[in-house]
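Which chain is which? They are A, B, C, D, E, F, G, H, I, J, K and L, in the order written, and residues in each are numbered from 1.
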């Protein structure tokens, strides 16, 4: 993290498997349209319940990427 | 809120009428350029005072929308 | 608020009209099963968006009520 | 908000009508003794309940005003 | 999340396996006595250490459920 | 704190003597209707003033108790 | 807490005896110049250490008082 | 910080030069009307942008001063 | 800040000189692609250390700009 | 608090008597191995309950001490 | 957690596998030089991204251990 | 920040010149006894006032360093 400028965006990823997988899904999706993804930070972990079970895990992330020069 | 990925942006709407109207203005404006707006969360409520009265109500929102597949 | 003990519960009320109305709905609903409601505090204000408009206003409250002696 | 120095005070306004009205009441009262009120920020929204209804809406504000030169 | 009123409770689930499993345990337990569980939010993740290893993972949740009409 | 599930409730205890006594009063009251009280955490300490003196000390607690199997 | 407007000020009281006494000292001092003191809330509890012992207990309070009509 | 009582006020200082200078300006201004200024704490650092440059640096401070005996 | 709608973005600027310079760098970079930059707020100040010295100062900002009508 | 550098550590003290005593115990213990203890700040107040009574009061502190030159 | 005094330290563990593994790594490492590790609490979850994938998961913990008598 | 474990400590540096210099002093002092200092984060900025001027700038930092393998 040298002299560059970074932009942070907030994403909510989801998964039927668990929290780490919801994070991987959000990063994977973001990397399709953004270059230079550098780090993420978890802001909030939530989930949706159906029939007494966790149906979807939802993780809100801040993701930082380097702006092109 | 199923398997989709959501992006969150922050907006500050304003109104001369009140807090709910400032929220409506921000959502209305955002919906002109963004599809799939899904939810909002109020982050901060402020206002500008003139002549001892509230001249503008200003509400900062996080707005979430679904990213296209 | 004298020598009594109070319990606090958290409720999310909703309304199609606005934030104050969502609060009134939650208080009205809670008062049907709980006596001695005494005060509330707003914890979070959110909403659901449909077709670029606020479809439901949702307000999360802490509500305090006096425990019977 | 240029080269001036601002002071912030905290007020709690109340109303039997709603949250926006409680804010207006606090600003109106403060403007009677303070000049150059410039902005406010909502810190906390609470209320008092009587007979299962909101009897008083109470909003705690920070209010900023410019100090005289 | 339409016109209904939701109640939120706080639970701490635990597991010897990991954080996601502690969440599943708390949801599973809560669903035995409460109907209409709708969502959860992670408030705090802790654990107990024995012999230099994580013996129990403990996750504090808010769980929201719809109140019966 | 092993494999059990714990529920947390919020209580406000009060006392004319001081903060520790307000905590003891809330715990004592809660233990009359709830079994397996296990720990508490102080969330907020407030008080009511009359004639320039602290008339009531009020302490808001989270109290955790083990759910029956 | 009816239709009145309240002002909040922040004070740090101190004592060589303990936290409750530091609060009492701040309230007592404030009541000499301000009327209608109504409630306080503890914001921060600190202290000064000398020779491995607590020399002064320091408690920062918000104190609310009713503005004259 | 011995047996005295301190009052805290909030000020926003500004400067065209930088953050430290905005703090110095607020302290300098406050010292003209208040005696016994003792310490400050930075609460928020903001600024106003004009033509793509920082036009004014604005720092919100809490300033503590000893009340006269 | 009248009837307009503002958008907020988060940027991390960096500098080898100091915190104010890191802020100036982020604002300068953002102004190359965004019009109507209006204000910023510091969210976090960090830095990278090399050989026992601050190698890069890094400041995370929220930057607000007016949306075009 | 002049030109010196201070280090802060976090301790949890406990007592069967009350919160102030838990603080005194932590300070007393820390002073046996650390010189130049200067101040403390309360971060969290908790307790363990047995048989419907507070069995141990636990206070988490930050304690600051001056580093030797 | 009886009459003992506990010290808390902050560690950041990392892993290429996931968040739980990053926690296990930090606890395992800390237990090599510290005795009586008792509990941990997650403060922050972050990660480093390379080639559009999570390269390292990083979890910041507070770890509590009992001080020797 | 790869597979290593990092420890974080909290320091308060001070300076008569300004905030950046207070940070540099704390880092410089810490680097004399600790190897592998890697990053810092500002937690709190305060200062001591004498004769209506900032006498000492005080910045509380978290400093992270890599633990030896």
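Note that in this section contacts are C-beta pairs under 8 Å (C-beta built on N, C-alpha and C of every residue); 3 or more make two chains touch, one makes a residue touch a chain.
Nothing here was measured: the structure is a model prediction, and the numbers come from that model.
Any chain bridging chain D and chain E, meaning touching each of them, is among C; the list is complete. Looking at the partners of chain D and chain K together, they share no chain. Here the chain-to-chain distance from chain H to chain L, counted in touching steps, is 1. Distance between Cα centroids is largest for the pairing of chain C with L. Between the Cα centres of chain E and chain L there is a gap of 38 Å.
Remark: chain I and chain K have CA centroids separated by 32 Å (rounded to whole angstrom). Contact of a single residue of chain H with at least two other chains is seen at positions 9, 19, 30, 48. Every pair of chains in contact is given here: A-B, A-E, A-I, A-K, B-C, B-D, B-I, C-D, C-E, C-F, D-G, D-H, E-F, E-K, F-G, F-J, G-H, G-J, H-I, H-L, I-L, J-K, J-L, K-L. Residues 1-9, 62, 64, 67 of chain F are the ones that touch chain E when the two sit in their complex. Across the complex, chain A is touched by residues 19-20, 23-24, 27-28, 30-32, 37-42, 63 of chain E. Taken in their complex, chain F has these residues touching chain C: 9-16, 25-26, 29-30, 48, 56, 58, 60.
The touching residues of chain E, counted against chain K in their complex, run 18-19, 44-49, 51-54, 57.
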